[in-house]
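Read through the structures below before going on.
One chain, subunit A, links the two complexes that follow: it is found with subunit B in the first and with subunit C in the second.
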Partner chain A sequence: MKRLAILSISTLLFLTSCFLQEEIVDDISMVTVIGFDKGEGEKILATINVPFHQSNIEVINKTYQTEAVFTKDATDIGTSKSDTPMVIAQNEVLIFSKELAEENLMDYLDSYQRDPSISTRLFVAVAEDKSAPLIARNNSINQDIGVLIGKMFRNNIERNFLPQTNLHLFLYDYYQPGRDPFLPIISKDEEQYQVKGISFFKGATYKGEIEFGYETMVFRQLRESFSHGAYTFETKDQEWASIQNVSSKKSVDVVLPPGEKPTIKINVKMNGFLREYSGEKIEEKTIKEISKQMEDSIKEKSTELLGMFEEWGVDPLGLGNEIRKNKRGWKEKEWEPIYEKVNVDVNINVTIKETGVTS
Partner chain B sequence: MLKKRGKGSNNKINILPGLEKLKESADFIHYKNDGNPGFYVNYFKSLIDVDILHRDILRYVSKSTTKKLSELKNELPIEVVMETSDVEFITDKIFRGFVFVQLENDLSNGLLIRAEKHSVRDVTIPEVEYSVIGPKESFVESYEVNLNLIRSRLPDSQLRLKQYKIGSLSRSKVGLLYMDGLTNQENVETVNQRLEDIDIDMLNDISNIAELISDSQLSPFPQLLDTERPDRTCAALAEGKVVILMDRSPHVLLGPTSLIEFFSSFEDYYIHWILASMFRLIRLVAVILSIVATPIYVAVLTYHHEVLPQDLIGTLVTSRRNVPFPPILEAIILELTIELLREAGARLPTKIGQTIGIVGGIVIGTAAVQAGLTSNILLIIVALSALGSFTTPIYNIGNTIRLIRFPLLIFGSLFGLLGVVICVVFILAHLIQLTSLGRPYMEPIYPFRFGDFRDAIVRLTLRERNTRPVYLRTQKPIRFPEPEKDNKSTDIYE
Partner chain C sequence: MKGMTTVQDSSKISPFLVLYLIVSTQVGVGVLGFQKYIVEGMGYDAWMAIILAGLIVHLYIYMIYSIMRKADMDIIELNHVLFGKWIGNLINLVFILYLLILSLTVLRTYIEVVQVWMFRNLNTWIIAFFILLLVLFVIKGGFRSVVGICFLSVLLPSFLILTLYFPLQFAHFGNLLPIGDFTMKELVISTRNMVLSYLGFELLFFFYPFIKNGEKSQKWAHLGNFVTVSIYLVIGIVSFAYFAEPYIKEAEWATLTLWKVVELPFLARFEYIGVTTWLFIILPILCLWLWAASRGVKHMIPKLKQKRILYIMVAVILVSSGLFQTREEISFLNTLSSRVGFYFLGFYIPLLYIIMLVKKEVRKS
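This part shows the complex of A and B:
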């Protein structure tokens, strides 16, 4: 019995097919960003960034360019150019060129979603044009650009109008019936990265984009609840008002009258804080007026956005899914195109809670 | 007047030849005192108190004119006096510090008079289990003094003592203490039987007994709690545990015990229960950290770089870049260095021992990192885990923790985190099947006993701990009646 136990334990230990590759932290090249572009023929051109830590704050970014058929091949070929093996487990950001996004991103993301060493918090982004110039030639940045871009995204999600996004959410939207994914668009402007906008996908194919700013704010309000972010706009009396978003809560009601077109009500309750106002005095009346104007402008923008989505045939708000939640025997085919089958009713409610100390 | 030894046989039915062998020792004194009647005195001068001999024995024996031992016995001011003719008994008693006196006219009989010398050091402050608050007494090497320390705390007729003589050479006095009508009789019987079954020549310390009567002698975990505090011992007795003490040993053994008990300092019971619980938790976390910190470092750095937080990579990579060794070698070198320091510190006299700290701190710490032999981060981790293993209140378990780090380290370097997990599972499996005097060692965690958690990972108030631990299966599970709760709310100003 004892011998059997020892035998089975040692079998478990030594005959596992789990293959442990020794990868000591300082003996590997940890890839933090990869950018994919279209290469020659069927191949893709990968631009790989590997940070070299000089001290715990000073980093030199090394860039490699390889051409390969598959995404994983790119790093394997990269290994042949580098002094230490390349590993992608610490990958922070994946950037695809718009050209690739217009085809099908799942061809490339598939190997990433199946790799257990890849964190699904990985950011996936679309480059404004080509991805290689974003990554290559970063000699003046003494910080790991993977960390830099990752932090930039995180910052925009926490404090600005970029809706929650990462590989996990992309895949969730992709696989969930009645929902379509979106990805942020990244651009570089003289050594500075920024979120340029949001691109929308049908399946995993690029369909269209909106600009970062007011449009993404409205999109985010329609998509999820969040806080933070500020917006400045011009009122009817030619004055400027800056409103800080304290909290924006989104809720959805689905009305399914039998035999009629269902209605999806998207209710957005926004609490704001009037930070600055160029006018002379703020009175009760002005506050009401400002919030009214804001409501109208958001409503107008959301109708505009829904029009764009209808045109592109994408459903990033998950309207189809809202119907699915409320209706038995829902079939995706029957509800397409979703914008023709349902009425979308957007209710915006802006409350200005605070104006600060007024004299 | 005094005749030196060598005066052997006066040929009657004599017991003196029986003592012939003792005379070969230089410290055995045998002489005849002329008088009316003359008498022989035999004793070991190294074992008896000369004051007692001169003041309380010789003065009376030499003055006495009686020729009968029984009359002489009554004249002596000493209580323990025995009239005997059994040579073996006499020899044994002489070795226990008795003086053997014979009258000239009756050489087949003699008196054994107790005059033993106690070489006892004073009761001092506990050094191994020091506490700031609470009694400052600790056990000493004398059985009688130790018993006195216990009895004076528990003046109760239930406290019973069974005595044994173990060791064919050392003939050590070993005592078994328990509370009659309270302690589980099965536990007492188990210890009783195991003590009786010991067949050995020499016992030097109570740790020898612990080793001989433990349930599993292969296990590195101590199964009997070793303490030098009389207060802890008495608390254990009152809880329903069995206590073993031994002459010439300043420690006693408590059993049955559980693993958690080794991490409870007795000072926990003297400070406020919330603070005590907090400190106990800190101690447990420190111990767990001490066991797994280095293995996890090695496993993660060797195989699982994906789990490292992005912000930590720069620090780790730069501190490791100059190190020529793989993480496992680096870790073993440092761990062994710390063990070396500890061993050296323990072997050296206290005054020189202090320099060890300086040598260790400066040379090993700073120089090794500057020379690029180890990384800064590992140095911190190893130092922390060494510190963690010092927090254990019972010294023995600290040694165990020192040891079980190494297999974890090796498994971690061979199989990564999987190896660490496998090794931890092995240790847990071993702990779960381990018993202390036949009682589960991992109690109250396994078997799960909710009630016993009142004094395990945390310590609740004294009021709430009104039951004895379940695993001891005491005859009286309730310590004291639960106090009635006063639910009437009162205003502070009333």
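This part shows the complex of A and C:
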């Protein structure tokens, strides 16, 4: 038995390459970002980026363009153009053109969702217009652009007003009854990528978008709790105030009076830090004034946002889901359109805690 | 006959090891995808089914202990004594076949996971051969070495529970609300499907005679079942909070899908670690079940040597593992083994319990 064991283990070592397909990093083309556009007829046009790491720290981004029926075909056809097989397991970002987003993104994302090699932290984004120009012609960028864009998104989630997003969260919002997904919009200016805004979906179909900045900040406050980002706004006395967000906490109360329209109360409690103020002097009165004005302006913006969501028929805040949590035997159909069936009450509470230290 | 079944003291195990035996047989490939089946009935109230099914299993463990305490012999012999030579042997045969089918199911399902998540073109027979070789190696060391593997297989993979931290970052515990939105029928469906995940405790019938002071091990068996229930409950609740309900109904391996979100600075894909560590979880199951099956046959036909029987069984499993190729076939195998287990044990154990209650004394033939 012992001899048999030694024999079989040694054969196992020799056999490894016989029954397994090796994938060594140097011998594959690791795809880090793919952009999809509408191609001819039923086909889609894929722009695939493969980084080639040079012996110094520089990276050359090589782009391939292929036309295929399915998303996975695109990389297979890409393999025929490249010297090593293309592997998508390390894909960081997927970008879809707005044209495709207006149809149904799930047609394309489904194969990604079922692929065990894909991380659910993959970023999915919508291009401002077409996705090919975002990826192709990046000769002057000597970084892996997939990693670059991924880092940019992560950065904006951690330090700015982009709400948490990735493939998993998109799928969660897509599948969860009473919620609709959103995706970030990406654009490129010269050689610089930026988050342009947020697009909203009904099912997986694009319905509308908001701009990055104040709008996404208010949207993020209504959607989740977070603790960073700063915003500068103009006060009533034509002065400018810059407020840093220390923490923004969201909570939801649902009031279900029998026989009446239910009310969903979204409470946002924001703690801020007045960074800069263009006025003369900061007194207690001015601080109260500023926080009051900030409250009003956030409230105004949220009403505006809710109005837009109603018009587009999307529910990215998961209002339907809030009702579901509190009502047994909830059916999605009975609560559509959600904005007509419920009152939404937004309460904003801004506290300015600090104004800095004087030395 | 008598000499056959008495176990020497030197090959007996301490009562507390029963804890590891129970946990390692109950936690198998089922953990990787049980969510889909229990959500089928009650939806996200199914965490109640996890607890309820656990309580039912506690009851069964209690019954097994009452039976074995009174009988003081192993199950093969007990069937002979209670049901006569022919019917007794028939029941034994069903029991042994059941163990073999279960072993085959566990082996094939694990290989399928490896093929889907890691190596798509891996030949079933080759990997089955090496796993079974390892199993033979362990069983050859006798029951005590099988128990050793069980002990390790609980301790070593236990670090996997830490990986639940990653999906918790995206958890929506509101998914579990509203609580109690189900009907009686849905409760029954979910509980039945959950009991299937707990199967494995019936092995007590076989290894009871191997425990030193068997009666004293009952609390360890119950504790083992409690640990299993806790593992399932934690994984169940985390995956309910992480996935949307319509998604989990389609997800074949929800627990593995949880790992798709794990990201470590030095490791991009955690599944590779997870799936390979899972070998430690299925290894003791295969060892224990094949050990029990071969011992069962040896008792039925004392002329045969246990080693021979074992070789034949392993060969049969090796050959048949490669015959199940597609998802449907493997799925059929899973349904088959769980159905057999459910009906066989569901009726057999209570029946045996009642008979033993009525009988005053069980005499060895």
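Everything below uses one rule, namely that the second predicted complex is superposed on the first by the 335 of 359 C-alpha atoms of A that agree within 3 Å, B and C clash if a C-alpha of one lies under 4 Å from a C-alpha of the other, contacts with A are read in each partner's own complex, and residues count from 1 in each chain.
The rule is simple: a residue touches a chain if its C-beta (ideal position, glycine included) is under 8 Å from a C-beta of that chain, and two chains touch if they have at least 3 such contacts.
Note that the structure is predicted; figures quoted are calculated from it, not measured.
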What is the contact status of A:169 with respect to subunit B (first) and subunit C (second): first, second, both, or neither? second
Taking the superposition as given, does A:8 touch the first partner, subunit B, the second, subunit C, both, or neither? second
Considering only touches as defined above, state whether A:119 meets subunit B (first), subunit C (second), both or neither. both
Touching A:87, do we find subunit B (first), subunit C (second), both, or neither? first
Which holds for A:326: it touches subunit B only (first), subunit C only (second), both, or neither? second
Could you say whether A:147 touches subunit B, subunit C, both of them, or neither, answering first, second, both or neither? first
Comparing subunit B and subunit C in the superposed model, the one touching more of subunit A is C
Which holds for A:177: it touches subunit B only (first), subunit C only (second), both, or neither? second
The shared contact residues of subunit A with subunit B and subunit C are 20-21, 89-90, 117-119
Residue set of subunit B touching subunit A in the complex reads 301-303, 305-306, 308, 310-311, 313-321, 323, 326-327, 415-416, 418, 422
In the complex, the residues of subunit A that touch subunit B are 13, 18, 20-26, 28, 30, 53-57, 59, 87, 89-90, 92, 117-119, 144, 146-147, 150
Sites on subunit A touched by subunit C in the complex: 1, 4-5, 8, 12, 15, 19-21, 89-90, 116-121, 164, 168-169, 171-177, 321-322, 324-330
Subunit A contact footprint on subunit C (complex, rising order): 116-117, 119-123, 126, 129-130, 133, 136-137, 140, 170, 172, 174-175, 177-178, 180-181, 242-247, 256-257, 260-261, 263, 268-269, 271
